[in-house]
Amino acid sequence: MLGEQIIKGMAVTARNFFGSYVSKERLTTVQYPEEHLVPKENTRQFPFLVYDGDDWEKGLRCVACQICEKECPPKCIYIVKSKDKKPDYKGQPQLYPLTFDIDISVCMSCQICVEVCPFESIKMDTKFELSTTDRFGDLLLTKDKLAKSNRYYQKLHPQDAADSDAVIAGEKAKATAKVKAAAEAKVKADAEAKVKAAAAAATAPIAAPVPATPPTAK
Amino acid sequence: MTALQGCLLISALLFAIGFAGAVTRRHAILVLIGIELMLNAANLNLIAFWRFGPHPEALTGFIFVLFSMAMAGAEAAVGLALIIAIYRHKKTSNLDEVKELKG
Amino acid sequence: MFDKLDQIFVTALHWLVSFLPEGLRPFVSALICIAFVMSVFPGVFALTTVLERKILGRIQNRYGPNRVGIPFTKIRLCGFGQFIPDGIKSLTKEDIVPRAADKVVHFLAPVVMLIPVLLSYAVLPFGKHMTITDYDAGLLFFFAVGGAVEVSVFMAGWSSRNKYSLLGAMRAIAQMVSYEIPLILSAVTVVMIVGSLNLNDIIAHQNQYTYGIAHWHVFTPWGLVGFVLFFIASLAESNRTPFDLPEAESEIIAGYFTEYSGFKFALFFLGEYLGMFAIIGLGITLFLGGWTSPVSFLTWIPSYVWFLSKLMTIVFVFIWIRGTLPRLRMDQLMNFAWKFMLPLALINILVAGIWHYLGAGALRWLVCSVIIFGAYAVLGRGLMHNQKFGKRIYRYAE
Amino acid sequence: MSPFFIITAVVTLLGAAFAMSLRNLVHCALAMAVAFSGIAALYLQLDAQFVGFAEILVYVGAIAILIVFAILLTRSGEAPEKSVLTSCWMAGIAVSAMVFTMLGWAVLNSSAIPKETPPAPVATVKNVGDALMTKFVLPLEIIGLVLTAAMIGAVIIALKEESKNENSGRKP
């Protein structure tokens, strides 16, 4: 019969129209500035720098190795190395960034800097409402704006933060173990050297210097 | 000058304008427009005579105008169909070029 | 008390005019009536634009505009202030006239559009004793000035020197001319039954009650069919979906007003909506009893409230249809007008005659319903059978 | 003769004059629509409402549109470069001027014209309908027949000739 399908179509739209007043399913729009969707666990927007402890300047994990700067495809990261070393310098080339800028108007949120960072210090944030009225100043995030505490990161991405904490803890443990081992080895070597020296002094004073590798070089 | 004379003068002027156009213009459609204007002048005459005449209750002029309008509609339809047919045939609607009977 | 409320506008007009000298009275009262129409219906238009967007939004499972309320405050009014920024925007936009355009005709087209549309309000009865001019041939007047809209559409399309404009104008005129015939023929049935072209007489004929139910024409077989035909034809006359080919955005941008911007575009927009209200008002007057109430115990509600609520209901249905149906093709449009609506309108005239001559009783209900239903089934089957209108068969998609 | 009547008459005559003298055919058609609207207004002032509305419905709503369509179909919307007048236009204008002077002289000097203005006659739609259905029913039927014949004729004339015109009608 002519018109049957029209009536059916009208019924569908009428259901949508009246349903939108009673059912949430038929009106899925989120009223954005007032309401926000709960972000997904895997949300990533722009990078930030993680610091441990309470003082962001001291606790910054970044060591200014400049790997992220080199890897960044749109070249939006700018780092100036410091001349001096970190106060808690532990032997490795642990400088700190004098300048660490990310131009988020250039950044394309590819997350490569996060992937390549060996020190777990650059991570992705979930903030996206970054529009400003200042085109150049406010879109260039400097070190102080980028630095966020580890607690913030833990809240943001609990799973990833736990993973990276575990990595850092493991490294720390390794390092301390190494230091300990080194210290022990040194003690041992010292003792041995002492013994040897004593023995040498006693037995062979013309012996060539022992090609013993220094314990620290191991 | 009475109202009837005024109406008749207006309609005479309208008729003259329509006639002048129909006679002087080259384009077939304009000739048709001129003829329509002349018809309307005649209609205006009829209405004026009905309005100011002795027996308006007979509605003769009134009804005549209605019929004349229907005829004008028929005339316009057929005339424009002819013009379109001629245009399709000769690729012109200029009356000076359509003066031969052979196609 | 309710009578006074019902006649409040009429008494106010008489009171206002009574201060003036005798000679000025008709002139001033005409001016006041014009001001009334010019203020009320553009207001309804402004609300309708927002309402349309909101209803379309709800149909498509989203909010429509719901932000703008009273300017400079936090009051949002569910977004019903949206027409204020819209209006300001369209009125302050630059008025662009194409270089090749025919300037005079291009300028005159929106004006010529608006004049007949506003004129057609002169004969509509908005309420009891609320007709501006009570013409003897009001219906004919309405259709006559409605015909003049086509000229303005042509002027707009031709003067823009734009192929889309011209195509849109040609489509619009072809569509308007085709659908004017079923429109007028479906109105003719009412004229036959009532025996008058005067819209107030037509309403008076419907303003009677048996068993508490009004004698609206839509409650009879011929009236129902006439109303449906009139409704469809008025959809086409006011260029609404599914008959919005003249301004099909996906094909010809905006049809005949492609080259219009700013104030002139706003005038076209206004003219289109006012034309829609006018033709809906006529449909209400002819078939839905005008300002009368459907049941006798609700007659205390003021007549203009009935008129406006019926108007807004039909406008809602228009929007609902817009949210439901896709646009027709040009050949489907013409087929529908000439092969379905015109024969059905002619049969409906016959049915109205039969209804009149069979006299009161169950017999005329039976006979008229059978004829109309049979005609509908046969004509509908013809359309469906032609595969012009029926289910589309996809060769590759399925 | 009220001032309104004179204004309408002037508008009508100007519209007619423009319709006959403008170069662009579409402008001519639009001016013609103005002239027809003016004539409808004249009818209204002569107390012939029904005819006035019918005039607008038929002439402005139908014939003007028909003419405009014909103008577009024959591609004569643009102003022609050549002269728009026929070769003997002087004679035409002279003849029409003569016609007008003669008619005007006749109108002004006729003794058959009644001097007094009768009261406005009543031509309600009911009267017109009664007259059409009783006294003038035969002309009405004939007009219906003529209109049908004209419609069929117009369709046949304007119809594309199927096979014969296939080669000659289309330019390569």
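In this document, chain identifiers A, B, C and D correspond to the written order of the chains, with residue numbering beginning at 1 in each.
Rule of thumb we're sticking to: a contact is a pair of C-beta atoms (placed from the backbone, for glycine too) under 8 Å apart; a residue touches a chain by one contact, two chains touch by 3 or more.
Not measured: the values here are computed from a predicted model.
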Chain pair with the greatest number of C-beta contact pairs: B-D
Separation of mean Cα positions, subunit B and subunit A [Å, integer]: 91
CA centroid of subunit B to CA centroid of subunit D, Å: 5
Centre distance in Å when subunit C and subunit D are each reduced to the mean of their C-alpha atoms: 30
Distance from subunit C to subunit A - Cα centre to Cα centre, in angstrom: 65
Multi-partner residues of subunit B (at least 2 other chains): none
Residues of subunit A whose C-beta touches two or more other chains: none
Multi-chain contact sites of subunit D, meaning residues that touch two or more partners: 50, 54, 62, 69
Category of the chain touch graph - line, ring, star, complete, other: line
Those chain pairs that satisfy the touch definition: A-C, B-D, C-D
Of subunit C, residues touching subunit A in the complex: 55, 58-63, 320-321, 323-325, 340, 376-377, 379-381, 383-384, 389
Residues on subunit A engaged by subunit C in the complex (per definition of touch): 1-3, 6, 9-10, 12-14, 16-17, 20-21, 26-29, 31
Residues of subunit D defined as touching subunit B within the complex: 1, 5, 9, 12-13, 16-17, 19-21, 25, 28-29, 32, 35-36, 39, 42-43, 46-48, 50-51, 54-55, 58-59, 62-63, 66-67, 69-71, 73-74, 76, 80, 83-87, 89, 91-93, 95-97, 99-100, 103-104, 107-108, 113-115, 117-118, 120-123, 127-128, 131-132, 136, 139-140, 143, 146-147, 149-151, 153-155, 157-158, 160, 165, 169, 171
Sites on subunit D touched by subunit C in the complex: 26-27, 30, 33, 37, 49-50, 53-54, 56-57, 60-62, 64-65, 68-69, 72, 77, 124-126
Subunit D partner contacts - residues on subunit B that touch it in the complex: 1-10, 12-21, 23-27, 29-30, 32-34, 36-37, 40, 43-44, 47-48, 50-54, 56-57, 59, 62-63, 65-67, 69-78, 80-85, 87-89, 91, 93, 95-96
